[in-house]
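In what follows, chain A forms one complex with chain B and a second complex with chain C.
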Partner chain A sequence: MSTDLTVSGPARRTPAPPGRAPRSGARWHAAKRKRLAFALPAGIFLLVFSFFPLAQLARMSVSDVTARTLNQPWEFVGVDNFVGSAAQGSLFPTLGNTIAFVLIVTIIGLVGGLAAAILLSTSNLLSAFVLGLMVFIWALPPVVNGSVWKFLLGDAGLINSVITGVGLTQDAVPFLYDDRFALLSVAIVNSWAVVPFNALVFRAGILGIPAETFEAARIDGASRWQEIRYMIIPAVRPTTLVLAVLTIVYAFRSFDFIFVMTYGGPGVSTNTLPFLSYLQAFVRFDFGMGAATAVISVLLVLVLAVIYARSVRAEEANS
Partner chain B sequence: MSIMIPTRDAAAVPSATPHPRPRPRRLRRRFEPIAGPLRVVLLLVYAIPILFIVLTSLKDPSDVISSQSSFLFTPTLEAYTAVLANQGLFIAMQQSLTIATGTTALTLLVAIPAGYGLARVDSRITTIGLGLLIVLQMVPQTANVIPLYQIFGAWGLLDQNLGVIVADTALLVPFATLLLRPFFRSVPEALEEAASIDGASTMRTFWSVMLPIARNGVATTGTLVFLMSWGEFLYAVNFFLSPGNYPLSALLAQQVSAFGINWPGLMALAVITSVPILILFVFTYRLLREGLTLGAVK
Partner chain C sequence: MAVKSARNSRIRAFSLAGGAIAVSAALALTGCTPTSSGGSAGDSDTITVWHYFSDENQVKVMTDYKDLFEKNNDGVTVENVFVPYDQLNSKLITAVGSKTGPDVVVFNGADASALALGGALAPITEQWGAFADKNQFPEAVVHSLEDDVYAVQGYVNLLGLWYNQDILDEVGVEPPTTMDELNAALATVTAAGKSGITLSGLPQSQGEWQAYPWLTSFGFNYDKPEAAPLEDAFTMIQSWTGSGSLTREAVTWDQTVPFQTWAAGNVAFAQNGNWQLGTARSDADFKYGVVPLPVGDSGKVYLGGEGQSIGAFSANPELAWDYLEQTYFSEEGQAIALSGVGSIPSRLDAASAPEVTEDPILAAFAQSLEQNGANYPSPAVPAVSIADQQLVVGQIWSAVIGGQMTPAEAATKLVTDLEQLLAQ
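Let's turn to the complex of A and B:
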């Protein structure tokens, strides 16, 4: 999959020793460096509309900001927002929800993605159709997918009709408004939405295995299970590492499905960290507290980013 | 959903120019007692929700009250006529189109040169820049919407399409840049060197040598940015002060979280929201299938 046929990057060119560099080469090198200027517009844009807002968020998190004082000078209150948020009793359950949510989505997303990729890496019409359908669903707005699942998981919805129809339960299961099921339901729907992307990426990894390898294994009498266990899984290991981080981040940032399906409820049972900060800021109009919760989630993201950078570097050192 | 972080550099990244890719293996057909049925299960898991969006949108509200899961009913276009009779719908369509097109244009305008610059220069600044882009891409959107609401309020950008477009662009530029970079990086540097020896300026080289070669990357990125900004609703819901200006996605989000949902009407709205995505998808599926895996696969 990833044979690079092109010569690129200075890694492949031996730098001429200083002093002896031919003039044209030196000029070329200087012109090359200048090309970093192409990144300048993006740098300025992000400085104004991403980094400045994040700085403002940090300032807000240590200030008393409500809807009324939003555009007035803010009063510095130190860690009051953090303490207040914890004291209200929603912060710690929310942390637990976030961890559970991320775990469920990551596990189902990765296992489901790999399973789907293995199923769909053969070339026949059904596989091609299912893969196309899955990628289409992935491309649909999350609000559309969330809506239909809210419908299917309702009291009189399809899932409950099937469950009660076959006699699994007497009454309809309150998937979305019982605090035992709500988080699990939303997490599973979220996994359903991320599996197509993961399957597509895993599939590319599987297709990258040379056909001769499979043929050799067949001749030696390897079963399909042995192929999966000893050929496919080792081959997609590097992909899995990257996808794991992507899926964790995806699950952690999840907002749309929660908004559409449960709006954080019942109670706080589907509040995750990002969703809680939204509720605090835009429903209870306590922007300071919302900012404080958001800052916690940004700090967690930074930790994730460092872990990610390290694992990528370790992987590179190994290979 | 859509976060991609290119991990390795050029050495590990497929070329932007379509180079011969190993053809999917034609495995000898063998009897598959497990895989066959499982494939059908997978089909059902993804087809049934789509089927129900369409079926429900063709029902009469009274059909939905009696049983939401029946397949037997007299189809009616009532939900569509009701939704389409609403003047607000056309405004919402227009809003969706304006916001998605504006965001795509602005994002590409900023991200294409950035992807090129970061692809061609290897220095400490590049490493730091890439790291920052990855972090920005990981930040939850709610951490942006809170300060942006205040900042846009102070700058007079609330309740305006421009505000939503700028916010969406800020959200998607890191993603777009990181996705574009490997496409530029796989273009042979010798090509540029040759252009420069022929006397082409850096600008000219970028415009008439690099861009045409990396067009697949630009098309993939543009499509994905359009899809994401079409579905984005958090900024729209909060930055527009009245639902009269909402794009389709925000309208849908608002209606589905209301009490007493009119399901056929909602599903009709969902179908109307999805049709442009379907059209775009049909034309770009091939591109997406290859391009999406680019960043994430080593």
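Let's turn to the complex of A and C:
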């Protein structure tokens, strides 16, 4: 007996012919149970490793949890942790930093990804090599990536050597230690790390456009810019929406680059919500307050996740 | 027939589900089981030692301790496990929930209270009380909480002012002994096109550790924090960054980077510790020396260093104590740290050895210890506020060096924040 699991929902629910109902009903129930059996391990995994930690996080955010009480019963304190975090004055500036960070990463990540995809949408040896390099960059651990960029952006690093060498400025640019540049620098490095992924996805979308369409456009005298404006951009619009949400979520939860490159400094000028949460929970050992900040992040990401799910569903319906 | 088929399919479905659950559980358990290198293995002949040393010379001391203990105890294995500095405390405290952790832990001594409060350290009151050589150790290196001893420091680390003799000779400057002399020396050195001083401005505990001598030199103390001395200290630091004596890039440096920068040879001074002696010997290709930080009579220099303790869930606490007794707390073990990285022994007999008193570098640190040494952390800071206080001071120290805050703003904010923390 075999069951086609790829059959879509409505098809599976097609009523059985009269007279064969009892037997078909039993078979349908058996098939359903089997499907549930297959889904059970993933469900348990999700429950244990996703829902349980989230529930614990929510509980911790409304409890007094410190190094002393972490392994004891947690006292319920309501919204004290949220209020305390806001009262300390770090929450709202950090929220502002997070929004600026997300905007920079999303804009550069998407525009850079699309530009790279358009440039690499040809099938030749050079584009294959560059694509391979980009996958390598994408696969690099953020800690390694961040350390390399911290070195490159230092006063005596490659970037400043080039800038001062060609005479753009006399003094080194304070990429990571001036509050006007630090957040921007870390955000650009973060964007640089996400461009390869976006480029790969955009490229798949561009390669999906039939070659005949381009040929027809060229016969009609379309320029390269017109091809991009009127063919490529409309074709990748659904992909862009999905990638935008993924990039925003990626930027929103970014922690590693800030940890390695600035540790939130100078002062607190590159603190974002995930990093503030880390400082509260794992440096100050106020796990309750750290959880409260994390819950705010989760809620914001949850909104984006809903948008993502709806956009994916809309795209599937259209296709 | 239909009933049999349904039953068969049900059996198959349950078999599949059971198999899938078993595989999932096996995978999950494989990922969850503590490894021998990551926690207490439960093997009576093996002890794990967690530390955060990445410097080559400091790692060698750990290896020498391992060799020493294994040589003196047949069949015993010591596993040294590196945990990054920023992760060590959180790993120790979160491991308490699963009742795991190392047999021995070597950590920043200032964090002893936080770790003890978190239940990560085992009290060693009994072992310490029965230790024959305990009178060799000054009270300042024994970390206690609520009448229990939790950690002891096998050595003392403190900051001094390293200088590049070649640069000072070139510009005709003597190693400074007062703050005025230091400021004059920095001005002369900078005018000659050299860099003045390196230090760490990282916005965390390392920044606070480095800031403390300069803040106290203007009369600041944690017993009664006042804005005026802080503002004076911050004004001086910003005069250094303004003149180019100190690079603002220091806000991204931990304590290792500024010393390596100084050791490269183009910087006159480095505010750094005695533990860098091994690095200076191996990397500095110029004549160098150390003088106490010129912080005057009111200035204080923290007596820091790593605390050594037994993990709360050590599988073999007796062997762990033997390890501490025979390495960190023994005269022989302290001599290893002294020769390897220049750590000043905490034992009185080891500290009075000719290797310390006749070495000009270590003698300068010993002089600073005697004149300006202060408990780390300050006893005025409540145990529950130590982590907060270090972070807050480190962040403001970073903001001052980075030019993000004016001295007056920084001083006012720091006093406001500290008053809340000290009142807890």
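In this section, the second predicted complex is superposed on the first by the 278 of 319 C-alpha atoms of A that agree within 3 Å, B and C clash if a C-alpha of one lies under 4 Å from a C-alpha of the other, contacts with A are read in each partner's own complex, and residues count from 1 in each chain.
Note that a contact is a pair of C-beta atoms (placed from the backbone, for glycine too) under 8 Å apart; a residue touches a chain by one contact, two chains touch by 3 or more.
Since the model is a prediction, treat every value here as computed from it, not as a measurement.
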{"item": "Fit or clash - chain C, chain B, common chain A", "value": "clash"}
{"item": "In the superposition, chain B vs chain C on chain A residues touched", "value": "B"}
{"item": "Partner chain(s) touched by A:Val79 [first = chain B, second = chain C, both, neither]", "value": "neither"}
{"item": "Contacts of A:Leu70 with chain B and chain C, given as first, second, both or neither", "value": "both"}
{"item": "Which of chain B and chain C A:Ser147 touches, first, second, both or neither", "value": "first"}
{"item": "Touched partner set for A:Val242, first chain B, second chain C, both or neither", "value": "first"}
{"item": "First, second, both or neither for A:Leu103, with chain B first and chain C second", "value": "neither"}
{"item": "Touched partner set for A:Phe285, first chain B, second chain C, both or neither", "value": "second"}
{"item": "Which superposed partner A:Val268 touches (first chain B, second chain C, both, neither)", "value": "second"}
{"item": "Partner chain in contact with A:Leu168 - chain B first, chain C second, else both or neither", "value": "neither"}
{"item": "Contacts of A:Val111 with chain B and chain C, given as first, second, both or neither", "value": "neither"}
{"item": "Superposed model, chain C segment overlapping chain B, candidates 78-86, 114-122 or 366-374", "value": "78-86"}
{"item": "Chain B and chain C footprints on chain A, overlapping residues", "value": "1, 31, 33-34, 36-38, 40-41, 45, 70-71, 150, 154, 259, 263, 281-282"}
{"item": "Contacting residues of chain B [partner chain A, same complex]", "value": "1-5, 7-15, 19, 21-22, 24-28, 32, 35, 38-40, 42-43, 45-50, 52-53, 56, 67-69, 109-111, 113-114, 116-118, 120-123, 125-126, 129, 131-132, 134-151, 153-154, 166-167, 169-170, 173-174, 177, 185-190, 193, 196-197, 202, 206, 227, 230-231, 233-234, 238, 249, 252-253, 256-257, 263, 266-267, 270, 273-274, 277-278, 281, 285, 288-289, 292-293, 296-298"}
{"item": "Contact footprint of chain C on chain A as seen in their complex", "value": "1, 22-23, 26-27, 29-31, 33-34, 36-38, 40-41, 44-45, 48, 66-68, 70-71, 150, 154-155, 174, 176-179, 259, 261-269, 279, 281-286"}
{"item": "Chain A-facing residues of chain C, complex", "value": "2, 5-6, 9-10, 12-14, 16-17, 20-21, 23-24, 28, 86-87, 89-90, 93-94, 96-97, 114-115, 117-119, 201-204, 247-252, 384, 387-388, 391, 395-396, 398-399, 401-405"}
